[in-house]
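Order of writing sets the labels: A, B and C. Residues in every chain begin at 1.
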Amino acid sequence: MFAWVGEDRMPSADARPIDNDGRKTGGGEPGGGLVVAVWATLKRDLTLLMRRRSEVLNPLVFFALVITLFPIGISPDPELLATIAPGLLWVAALLAALLSLDSLFRSDYEDGSLEQLLLTPQPLAMLGLAKVAVHWLLTGLPLALMAPVLGIMLALPAGSYLVLAFSLALGTASLSLIGAIGAALTVGLSRGGVLLSLLVLPLYIPVLIFGAGAVQAAIMGDGASAHLAILGALLALSLMLAPWAVAASLRISING
Amino acid sequence: MTLRLQARGLACERDDRWLFEDLDLDIRGGEIVRVEGPNGSGKTTLLKILSGQLADYQGELFWNASPMRRARQAFLESLLYLGHAPGVKAALTPLENLAWYQAMAGETPTEVSRLAALNAVGLAGFEDLPAGQLSAGQQRRVALARLVLTPRPLWVLDEPFTAIDRDGVAALEAQLVAHARSGGCVLVTTHHEIKASKELRHVRLGRGGQNAER
Amino acid sequence: MGKIWSFIHKLGSPKWFYAISARLMPWFWLAAAVLILVGSVWGLAFAPADYQQGNSFRIIYVHVPAAFLAQSIFVSMAVAGLIFMVWKIKVADMAAAVMAPLGAAMTFISLFSGAVWGVPTWGTWWMWDARLTSMLILLFLYLGVIALRGAFSSRDSGSRAASVLAMVGVINIPIIKYSVDWWYTLHQPATFSVTSRPAMPLEMWAPLLIMVLGFYCFFIAATLMRTRSEILRREANKRWVRELAGGLS
């Protein structure tokens, strides 16, 4: 065959014929291809993030640090802290989730994988969704799980811890989806980080209102189900629309 | 083999400057088309347009005689594009890198074929090292292994010879010729002189829209 | 249908737009000047003073039209962006580009006048009133669109990115507005809101309506004018622009 190396080896994969339509023979049907591609993207991104664990840990440390700043900056009085705790926890978690957004597509853009992602015969929106899912799994979900611990430190009243974690888990999924649009729009810019927060933060406000509202309602004993339902509705809306906006934005960003 | 990529009246304007204007191309199976031109003449842009990445151009593209807009899916299923950047993840091993590409191509990943492909580009023994520890040339070879791994009739290669050693260059050249001979089609930019063969054709991009085919 | 299409495409050509807008623009300027003049004289001098707020309520004649425009301009900007993305009509993008600073300016005017109005009503320059808060968020959205457009080295990419962001923003504006309203009623259930008032007498709202119309005419005229100069700037290499410039000198 081709003498890439000194000795002559016959690559077995090369022997497969190409049929008339140019498709490799023996490939799967298109529907199966999408599942395989999405699964492979999930697996790849999870592997990548697990190998760079600091990227997963940094937002969590940031979250804890910001929460530490407030009692120092305002007052250690537990009563005062308890009243502002829901908002504080939500704002800090939101900023922590924002922190890791910039890297969502950046390394793919820099090493050329993004071009390849755009040229796969699979719908880009679904592959983008897979990447966002990994981002939530390793940023939003850990933040939600960690929040109750920080809640204790802010003297968050009992009975709202479960709602805090659940509202954050639900809300950060929307945040990842909306944020991915901003990340996709700014991935081609060398200093996109600050711009990204400028674009994305105003869009985060509804999620913040209903997320922090849910925790407050739980503290008041009003029941947080209405807030959580609205958070769910926001998530459903983001799930429907954001992937297409992400795909369109990535196509723009690849133009340079 | 039916394989035909056509461009009619292709023009690309980038911020008030015409990179090329009124460019007609007819690329068929069995050809190696080398796009030439000085730096900044729009070679990469042309390749990106022809591979369907840029929508920002004037003129029309046809794949197998049907307009690109309608044939996009079939086109992407026939295309293998290698860009300036190799698209190899430093934190993943060559095997893992190729597994993703294999899945993206719509194939069920099999390790045997990946090992064979890496073997073919001379990376036997490096399969399980993180690609970041490989040299630039070896990383490029990981990307080039896709030529073997996922057989696609149309290859669009942007500077594929970058960082490849002399033996590798010869092997890649032979591979391009063999691909063309078996009915495939290669569209390539390179600063490296490709040995003349009957399959080779040149498209020259000049400044100010003076494009000629020779 | 075919006629409408060819008209739209003609209008989409910069040269045609330049010619047509030259004829339309003076009328809009005239209408804006007359309406704003009549509205402000009527509103400031002849409309009766408010029984609660006295003369300070008259700031409504600037505040409300500016707030109306601030929101409408964002919507028109997103529509222009959509037209640019779908039909690749460049004039639509030029219009969107010049609308963004105009909209941001209107948002700022409505915020500023709201703050000034706050002094006699609330005794403070700033209250986290639902409308003011929504306006502030709108200002941030505008700034984001402007910054994103400017951040790209390729103008075409910047145009597309700004279009996508404007469309994303326009979907979000009602959601933001409703959630902020909801948030406000939850936290301050019984506060006096300056702009939501019981029925206004005719002598008060008639000048307001005239002012709103005047502001809209001003917006259209200003957009036409600035789009025209944007056309000249972007098409400076085209023959018709050079002929135009040659004819002038």
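Before moving on, here are some points about what is shown:
One rule holds for everything that comes next: a residue touches a chain if its C-beta (ideal position, glycine included) is under 8 Å from a C-beta of that chain, and two chains touch if they have at least 3 such contacts.
As the structure is a prediction and not an experimental result, all values here were calculated from the model.
Here the chain at the heart of the structure, going by C-alpha means, is A. Remark: among chain pairs A-B and B-C, A-B carries the greater number of C-beta contacts.
The chain with its CA mean position farthest from that of subunit B is C. Taking each chain's centre as the mean of its C-alpha atoms, subunit A lies 32 Å from subunit B. Computed centre separation for the pair subunit B/subunit C is 47 angstrom, with centres defined by C-alpha atoms.
Of all residues in subunit C, those touching 2 or more other chains are 154, 156, listed in ascending order. Along subunit B, residues 56 each make contact with two or more other chains.
For subunit A, residues that reach two or more other chains under the stated contact definition are 255. By the touch criterion stated above, subunit A contacts subunit B in their complex at residues 1-6, 9, 11-14, 16, 18, 20-24, 27-28, 30, 33, 36-37, 39-41, 44, 47-48, 51-52, 107, 110-113, 115-122, 251, 254-255.
Residue ranges on subunit B touching subunit A, taken from their complex, read 1-3, 51-56, 73-74, 76-79, 81, 83-92, 96, 99-109, 112-113, 116-117, 119-122, 124, 130, 141, 148-154, 167-168, 170-172, 174-175, 178, 182-184. Every residue of subunit B that touches subunit C in the complex is listed here, in rising order: 14-16, 56.
Within the complex, the subunit A residues that touch subunit C are 181, 185-186, 188-189, 192, 195, 198-199, 201-203, 205-206, 209-210, 213, 234, 237, 241, 245, 248-249, 252-253, 255-256. Partner subunit B is touched in their complex by these residues of subunit C: 154-156, 234, 236-237.
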